[in-house]
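Have a look at these structures, which come just after this line.
Both complexes below contain subunit A, partnered by subunit B and then by subunit C.
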Partner chain A sequence: MRTEERVLEIIETARGKRAKFRDERVTMAHGAGGKATQSMIEGLFAPAFASESLEQLGDAGVLPELGVAITTDSFVVKPIRFPGGSIGELAVNGTVNDLAVSGARPRGLTLSMVLEEGLQADELRSEVEAIADAARRAEVEVVAGDTKVVERGHADSMYICTTGIGTLDPRARLSTAGIRPGDRILVSGRVGDHGMAIMLSRGEFELGADIRSDTRPLWPAADALLDAAGDSLHCMRDATRGGVASVVNELARASSVAMVLREAAVPVHPAVAGAAEILGLDPLYVANEGVLVAFVAAERAEQALAALRSVPGCEEAAEVGEVKSEPPGMVLVETGFGGRRVMDMLVGDPLPRIC
Partner chain B sequence: MRTEERVLEIIETARGKRAKFRDERVTMAHGAGGKATQSMIEGLFAPAFASESLEQLGDAGVLPELGVAITTDSFVVKPIRFPGGSIGELAVNGTVNDLAVSGARPRGLTLSMVLEEGLQADELRSEVEAIADAARRAEVEVVAGDTKVVERGHADSMYICTTGIGTLDPRARLSTAGIRPGDRILVSGRVGDHGMAIMLSRGEFELGADIRSDTRPLWPAADALLDAAGDSLHCMRDATRGGVASVVNELARASSVAMVLREAAVPVHPAVAGAAEILGLDPLYVANEGVLVAFVAAERAEQALAALRSVPGCEEAAEVGEVKSEPPGMVLVETGFGGRRVMDMLVGDPLPRIC
Partner chain C sequence: MKFVDEFRDAELGRALAAEILAAVEPGHHYKFMEVCGGHTHSIYKYGVDDLLPENVELVHGPGCPVCVIPMGRVDDGIAIAHEPGVIFTCFGDMMRVPGSNGSLLEAKAAGADIRMVYSPLDALRIAKANPDREVVFFAIGFETTAPSTALTLKRARAEGVRNFSCMCNHVTIVPPLRALLDSPDLRLDGFIGPGHVSTVVGARPFEFIPADYGRPVVIAGFEPLDILHAIRMILAQLDEGRCEVQNQYKRVVPWQGNLRALEVMAEVFELRPHFEWRGLGFISQSGLKLSDAYAELDAELRFAVPGVRVADPKACQCGEVLKGVIKPWECKVFGTACTPERPIGTCMVSSEGACAAYYNFGRFAREKEAV
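After this line comes the complex of A and B, so read on.
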């Protein structure tokens, strides 16, 4: 991209204008949840489908006349088994979590698998069991399914697509654009575990740290927040691809607000912090599969945080920053040394195929 | 499989027992919609997930407390563009049709794409437009989406998963096991066009026939049948993978009835019949993407057929057979020469990746 185009894009972004899809080919970056993904969604998908749900660009579409929310995700994680989980477990939790952060209690799940010819039946059986177990833990039923097979080499063991349907919780008053200056930013647990666990499990780096994926269902966390904060809870998102950094960037633009994160307040496992430093990654950009980011009015933030910490798996929840009015669309990080830097959308894909 | 195992299986099948999943590896046949697919669904998926919706083994799961039906399908058709349609159009129609034959009016659709790195943006754009057009024609909104990218060579251009949600039509009293001896068997149009169009478009055979996919939304046909036959309409299915033969076989088992088809009554395009003969295929096993099979009580069959024929695209609808009580679980075909033969489930996959 030429410099003047990049400058124009930054100005448009700050003004909350839609990104354009100008690439000639699909690259791995289009799947990374960062800037390229956003340009594809905003520049190609949203205008083509132009439905009210998609305009919201939330984690789930809402069908208000049916009282339900619905969300879909494909999972192409490589390898399919990794410390702390597997593709099957991810496929359940990833989808029910998109419902949970949309204020919808997960009810049903559909399951569609693309299997690679030659896949061992035992591998398939073990993922089917992982899906069934995760669905029981998340209290959803698998209500419909489909299987396709492609020739050897045309998929990696299996790709899984799940779609979740949930009922809108009457306590929820959430919206992408509902964030207000003064809101406190909470995260429900330590960040970066999932993406780093996947990276290390590939064995491409000589790092032996014991890091496990955080894959877990987030409805209990969402439920606790809705109870504690009611309509003072303005927005929730789960911080998957692109990590916490991408969530706050997207929402800063959508709500035309600024966000300031305090780096020192962000909970990070020491092993994750160490591995990230060696690999030159910022844990705030690394994917999670069991962490949500919540935006709560200041007066209920303390109660909300206490409620969150009482949920098993969320003991390390923390308040990590605050919403400001200026400069709109921007995310700033206060470093441990008292400085501030801009935290932009993810560019490229440093961690491909982590979900 | 040893002979005694096969004999046991035939006896178990006739008694309506569940097939077992005994294969060591996944083969293309598991994706073909025939016997191997059924053994995987009945022997592996259904017991693992054990939900009431899945027990029905219908084309869509029903969430009665929400008044909705939901269904999911992955599309891996090769090539992605073919005479009469493309993967995007298929991904919409295939899914809304599963709702339609379940007696649910399609309302919303989710869309999840697995894209191959290097895919031309124009190809993606053209499928996004195909999806948007097909959704408009089928009167559904795309309400949520997701995109993943896998490395070059790990998918063929794109795989698409769509999930459809629909509202249960109050006129519908449909069930997999609701078919009764005496019911008439209707098909909504000529059979085999889609699968044969895909096969010929691959250019593997020196056949130049002008055959186009029949991909179309089937809610208008389902709507007309529900209007004309009400609760005399016992069951509908769309005859996709495995064709009409697989539908009647599955349902003969599920309802413990016999089915007799009159070969001469089945509408087949002469070019499809010709190509099928050359390739050694029976059009009744070839996939359709715009044909439903309906089971209607005898006293309303004539009205139902007339209603069906008045729907654009269903002018060639026909009554092709009748449900009998004996032998339960079996499908018989009356040939043009006055003979009868057993029409079993599809074995193997003569037409891989047609949807």
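After this line comes the complex of A and C, so read on.
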């Protein structure tokens, strides 16, 4: 007999289970950072490699016995240059940020480039310079590399992969399991700038706005937070693909807690808010390349926020919500209008709505 | 944002919510249907239902143009997309809707050249830029989007773009409403009328609802204050014993509609004898196809489409959910065979569908009631 209670139990059991990878082919949704990506990681990669560090599903892998964290990332952004940055700068910042939010000071990078036959030498030169500049700013050394060239049409100008290694900071006591009900949720800056800058620079919307990518290294922000909050800093994540919404959803699930966000407290550039309104997107789901989300014990949240705001580029950092115990695994948003809604994991690409 | 934030004012929202609370009769359970998917979206986005008394329930209607496309039409679209030389274009939301053998997104991964566009004119532009390819636009939507498809077809003909055609899935709003109202087990007290559709068709086409079926209709805008205001207006009608069509969205909707848009639609389209709706079955005179004058731009005539009718899975009870007869969890396949990741029926396809919403928020909604 199906009762409502029984049906809700079935749903919860299904949700609590590891996502299975059952798709026949890879679609663009598997790259969007939402449910399909999760099913691929949890259903295919994690079981295949059976690594304890990988099981944590953090932004970087931690090898405590060696005192290091290691991470890798590939960059396929289109167009390769956009307002506020380029693929080269992204390739450095994206990787060092995964280390920074794992509590590791970035030390070295390897660089691997896949180049398309016919690429202008000047374009390559300018990306190499961008990589060198970004590495200097992030205080990280490029220590090894590799190059491959593929026939015209097989890579869109260039793809870049970087691997980063960092030394674990002794102040850091970070883990998803460390998140507790009562923790405050901080974001280090305005959300949605990067994704919106890319979308508009593709020129598909005929929308013009001065929106620039926020790509920047986040170690200074992580460092300031570790200094101000010490072991009261429970967890950090880099809010890239899928935005802040995906980060809090993943963590709510991983830590079996609820998260409540206050929409009105989330800093959003007015132009990003306007473009998102027109395109039917929620800035909380839009990608960032220089925003971290931090979970800090309530008693240290104020100091942590003040420390964060003193870091250049993080002046608009804000406390945006709180961790609760119920309902576990869910993210709720208190809307500016005074209602509440559930903010779910992204299903598929954040495509503009048509109605 | 100027002229937007004013309609999202939390304080005015609380004031309207208090008026609504004062206007409802305790002990009476009110069910209002918001016809349009845009309203459903706003209700979730702003948490409007959170501000309503516990005995006012909003039922999500059949007005999501993506969700009502039946499997067979998706299959036909995919068949055209796989034809050699074809560039198949559609709106982004359409890509995820499952056919009997996968979605357009999966067809794209399997090699079909399927591109997302934001306007039918984008599709026409692609056709002009690729004269050696056949460009097909998969047109969907109610009267809201039909005029822009019509204008695009007019332009294609005027400019002699030979490699452009349209697979028309446009539908009209009144027939499905009538089908819902005709069902003997319907339990609805009033309708929040579709604001966007009404900008084109006006308020008059909805007059049959109070006249023939004795249910009030208030056409509403899409901001949260608009929706609360419309609910307040429906309650006032019930309270005062009135039953009529009112226009809350006067700043945009003219009573007569947009005559030029209606004219161009009448020129380019004609009614199909019947059209299939996911979850609702065949409804006569509810779909549009290209008129004879535009037949040369009709993708269904240009390409051999299988045109196979794929029945909705037997166990799917979207129709009953839409009519408010059963709750989502009472459907036999809900949560087991039919989930947001692998939806069967219309109510699970879009995150705004009644079943998808219940799947995601069900436990939370019940706990809220308990509080």
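Note that in this section the second predicted complex is superposed on the first by the 334 of 355 C-alpha atoms of A that agree within 3 Å, B and C clash if a C-alpha of one lies under 4 Å from a C-alpha of the other, contacts with A are read in each partner's own complex, and residues count from 1 in each chain.
FYI, a residue touches a chain if its C-beta (ideal position, glycine included) is under 8 Å from a C-beta of that chain, and two chains touch if they have at least 3 such contacts.
Keep in mind the model is a prediction, meaning the values are calculated, not measured.
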Practice item. Report for A:312: first if it touches subunit B alone, second if subunit C alone, otherwise both or neither. Key: neither
Review point. Is A:147 contacted by the first partner subunit B, the second partner subunit C, both or neither?
Key: first
Review point. What is the contact status of A:25 with respect to subunit B (first) and subunit C (second): first, second, both, or neither?
Key: both
Practice item. Please work out whether A:44 is in contact with subunit B alone, subunit C alone, both, or neither, and reply first, second, both or neither. Key: first
Review point. After lining up the shared chain so the two structures overlap, which partner does A:112 touch, if you call subunit B first and subunit C second: first, second, both or neither?
Key: first
Review point. Of the partners subunit B and subunit C, which touch A:341 in the superposed model: first, second, both, neither?
Key: second
Check your understanding: Touching A:73 in the superposition: subunit B (first), subunit C (second), both, neither?
Key -> first
Check your understanding: Which one hits more subunit A residues, subunit B or subunit C?
Key -> B
Exercise for review: Kindly classify A:63 by the partners it touches after superposition: subunit B alone (first), subunit C alone (second), both, or neither?
Suggested key: first
Point to revise | Common interface residues of subunit A - those touching subunit B in one complex and subunit C in the other | key: 23-29, 352-353, 355
Revision key, fill the gap. Note: in the complex, subunit A contacts subunit C through residues 2, 4, 7-8, 10-12, 14, 23-29, 35, 39, 204-205, 270, 273-274, 277, 282, 326-327, 330, 332-342, 344, 347-349, 351-355
Check your understanding: Once bound in the complex, which stretches of subunit C touch subunit A?
Key -> 1, 4, 8, 10, 13-14, 36-38, 41, 44-51, 63-66, 91-96, 102, 105-106, 108-110, 116, 118, 122, 140-141, 144-145, 196, 224, 327, 329-330, 332, 334-336, 339-341, 351, 359-364, 366-367
Revision key, fill the gap. So, in the complex, the side of subunit B touching subunit A is made of residues 21, 23-32, 37, 40-41, 44-45, 48-49, 51-54, 60-63, 66-68, 70-76, 107-108, 110-121, 124-125, 128-129, 131-132, 135, 141-151, 153-156, 159, 161, 163, 165, 167, 352-353, 355
